[in-house]
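A, B and C label the chains in the order they appear, each numbered from 1.
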Amino acid sequence: MQALNPGGRPKGGAARLEATAALYYGPALLFLGLFVFWPLVSTAWISLHDWNMVGANRPWVGLDNYRSLLGDPDFAGTLRQSALYIGLALLGNFLLPLGLALLTLQVGRREAEVYQSLLFLPTVIAVSVGTLIWLWFYLPAGGLFGVALAQFGLRAPNWLSDPAWALPSVALVAVWKFLGFNYLIALAGLRAIPVSVLEAARIDGAGGWPLLRAVILPLFAPSALFLLVSALLAALENVFVPIEVLTVGGPAGATNNLMYAVYQDAFKFFRAGRAAAEAVLLVAAFAVLIVWQFRLLERRTAYDR
Amino acid sequence: MTVNPVAVDVDPVKVDLGTPSSAVGIAGGHPLVTLRSRRRPRPFRWTLWAARILLLISAGLVLVPVVYQFGLSVKPSAGLFSAPLSPLTWPPTAEHYAQVLEGLPLWRYTLNSLVFALGVTVGQLLLAVPAAYALSHLRPRWGPAVFGAVLISLMVPFVVTYLPNYLLLARWGLLNTLPGLILPMLTAGYAIFLLRQHFLSFPREIIEAALVDGATTGQRLWRVLLPAHRAPVAALAVYLFISTWNQFVWPQLVAGRSESLTLTVAVQRFASGEGGNAWGPLMAAATLATLPTVLLYFFMRRALLDTFSEGAVKG
Amino acid sequence: MKRPTVVRLSALTIGLLSMAAAQGKVTTIEYWHINTESFGGPAVRDLIKTFEAKNPSIKVQERFHQNAYTGLLQNLQAALAAGTPPDVAQVGYLYTNYVAENFPFVPTTKLAQQFDGAAFLKRFPANVLALGQSGDAQVGMPYSLSNIVTYFNADLLRQAGLDPAKPPKTWDEWRAAAQAIKTKTGKYGIYLQLLDDNWATEALVASNGGALLSCKGGTYQAAFASSQAAKALQFWADLVKDGLALNTLWTQGEQAFLAGESATFITTIGKRASLQSSAKFDLRGTTFPSFGTQKTSLPGGGNILVVFSKDRAKQEAAWKFTQFLTSNEGFTAWTKGTGYVPLVDKLDQDPRYLADFVKSNPIQRVGIQQLPNTMRWTSFPGANGLAASQALFKAVQRSLGGQASAQAALSAAAQEVNGLVKNEKCKP
């Protein structure tokens, strides 16, 4: 983000600028500090203890919680599934919305609005409520999907109790809930590409896949960051309720992920130390991922300003 | 931004300009990019129809759960699950709605939800607008670090903040109070992130012109930047309102007394528990709880869609 | 002694519009429960209304918690950590030990002593009171008691050529019936409750002479790797494998049953009222199937009422409320509204209370009839007890899914559980 216009800064000098700016972002930062980062710090502290969250007894165990996690085969499975969730989220909440947005560019604006409205609707529904109906969709006997497949002579799997199907089934609910929102963001990014640039490219002879690859996608990169963050959030927060409602992490741990493991250990098994260690690993992994993506994409756009 | 000419030979311009757009947003009439190969124009544009069909299918699939939710809410409880392929029955019944409405003081809960959602929305905007402005236009030295913190805050799952925040509020004596409900929700990471992206795209020249006219830092925000971003701010407000309205975990913990429930929390009285779900009333309650947000969405649809789709999330 | 915070808080409370809770010499207590609208929620409100009418100086604020006892316990834990516990809370039997070991509760015996309740306690048989004990302490007052019964769809049985008036009694008979149901109607014959609390698993295992936990050499040990337990679980897994039993979690099992896709729904008697109001077929009930001629042994489900109030006035009010809920009148409303078995002896034969109701409701009779078969629901001890319980649940799911034989899955889980509970002392 090179400042091309140092003149854009107030005359009062650097110190005053810093003070003014701090005044503007300070309050927001204060809230983040109090209600996000302070809990995060105390979580990191708890992760070095053995604690059940209520007892006065809270012995220091150093890195034991981390050690036992990394040596636990169940936890390895949880990590693997977390990666799978992220993969599915990128597919369902990044590529799919992007594809739909590209398709939308083909149709007229009025028509596009209809799709936008419809696809966005699930976003409006509370996930705690919206997930419930899926319980019945996934019912192996007499559920919607099973009955629908039976019309074509197909036999539906036991979606939520078959280890192979359970995870995709749960992820689908999160995709459904979040698809519309990411679709709008993707569309935003595509439409923000100036018409003039596209015309210039066309006149230069670009079209089809080359136009997409060489012009549209690079120009889309900045919105991609936003989209990625949204997709990752979907993988994290939005899959939590579907897991809790549909499978409680099963069958036999097949739909567990890091996010849900934190919840289970903290609030179902009352192993706060272990849960805190999992939370720290979770946040660290995502922080690295996000910061890396951010640098990558911001650098790309830096030259534009 | 310069574009490298791409050396591929294609038919001359096939850019449709589409219908003129509404006045909102920057892009104006948006480009209808036809990603077609070099064929002569034909009256039947198969890409258009392929796109149309795929979009219709997607929209249809996405709507299935919504339709079933409503359908079950007006289906007589006898035979609720007996005809999976027909979501809607005729004649519809109001029995589930009657049961929901007589059982619980839903008006009270609606009011609670309204106050909660409005409080969080206004609060987040008040925090996020100045912060986004500082991060996009004032460019303080610590800006990147602050923005990094904003990004990371998005990644902290609620299970991490749940208990510590509860204990903090308890220490302050704010449990079961309005401030207790709202304050911890004022972590405006997402709002800052979104607004910053929008503000970044605002032409610098205009801000500079205002500076030359002697506008102070604050004036540039309130008189120049904000008026130009009415639509995104409105859309963000709607988005915040809806997602706060739908919040569940935090309100049930901190305001779980029967008279301070929010609508979304109250709906859970029809779900789960050792008694399983009362599907008819549950779907009726869910529909009622969703109704205000759906209405709001349809009224504000224009601003919402335009913002998230005129995006201005550009370089 | 009324705390001024009550006034201040309610002034700030969102719902301040109509509550006059803090006015006058009124003691307000908070009652935490898990009763949804279809499962005793209205009964809770009615009971509170009656109680308040009788005790004008006490106001009861009910607070519902979703996610049953787990959800309630989560919030209870947070409230205790914050120093603002409820006055009376429903605690699931599975969590009695955990609460006794970790939470500052007011023992029922102490309340009875302080507020003149010894005579009241005498109404309950010793084995009932034992349901609320942990070690030597009476943690709470047993309130809701359920056992596992077999609900069945008489229409489906008839279609399969079976006589619903004489439903199968043993697992082998049910297996044969399920085979007939599958052949004639294409539906599932059996659904046995599957939840991570292992309640139904324990009923199955214990009814075949197995146990979940044993006490050896002064410490607890997993006992579910025995051949009795493995045989019982394998029987269930084979039913699933042969397409005779539906393998899903509980909510889906209920949906399948209500949609007529499963002929049975083997679950808690606490669902009785809810099922009767939503089943559109000829709903009946019978006892939990036995293995051959062995006597069934069924863990008691439900909850105890635990008091957490700190100050005396509230403790007294909480105790009065507890007494009311467990009075003849309280149990009558509770049984009618839910299906739980009344804990006061002979209440079901007393024409002033439940006699007529039970006479007209044969399913409720099944629950009462099974009372002598009720045993204590096993909770795994210690700080890792709940994680241990999860290990067993995973083993059950693995064998039902056919990923491992019952014996292999249970043996592996037993090893894991032994590691988790190895330091927990017990008295044989």
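Here is the rule we use: contacts are C-beta pairs under 8 Å (C-beta built on N, C-alpha and C of every residue); 3 or more make two chains touch, one makes a residue touch a chain.
Predicted model, so just to flag it, every value in this text is computed and none were measured.
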Seminar exercise, completed: By Cα centroid distance, the chain farthest from chain A is C
Problem set entry | B-C or A-B - the one linked by more C-beta pairs in contact | A-B
Exercise. At what distance in angstrom does the C-alpha mean of chain C lie from that of chain A?
Worked result: 37
Exercise. Between chain A and chain B, what's the gap in Å when you average each chain's C-alpha atoms?
Worked result: 15
Exercise. With chain centres defined as C-alpha means, what is the inter-centre distance between chain B and chain C in Å?
Worked result: 40
Exercise. Going by the touch rule set out above, which residues of chain C reach two or more other chains?
Worked result: 81, 251, 255, 259-260
Exercise. Residues of chain B that touch two or more other chains: which are they?
Worked result: 81-82, 163, 268, 271-272, 277, 279
Problem set entry | Multi-chain contact residues (two or more partners), chain A | 53, 136, 142-143, 267
Exercise. Which of the residues in chain A come into contact with chain C in the complex?
Worked result: 52-55, 135-136, 138-143, 158, 160-163, 247-248, 250-253, 264-265, 267-271
Seminar exercise, completed: The answer for chain C against chain A in the complex is residues 70, 74, 77, 80-81, 98, 102-103, 187-188, 196, 246-249, 251-252, 255-256, 259-262, 383-384, 386-387, 390, 393-395, 397-398, 400-401, 403
Exercise. Which residues, counting only chain B, touch chain C once they are in their complex?
Worked result: 77-82, 99, 103-104, 108, 111-112, 115-116, 162-163, 166-167, 169-171, 173, 175-179, 181, 252-253, 255-260, 268-281
For this session: Name, in rising order, each residue of chain C that touches chain B in their complex.
Result: 5, 8-9, 12-15, 17-19, 30, 34-42, 61-69, 75, 78, 81-84, 250-251, 254-255, 258-260, 268, 270-271, 274, 277-278, 280, 338
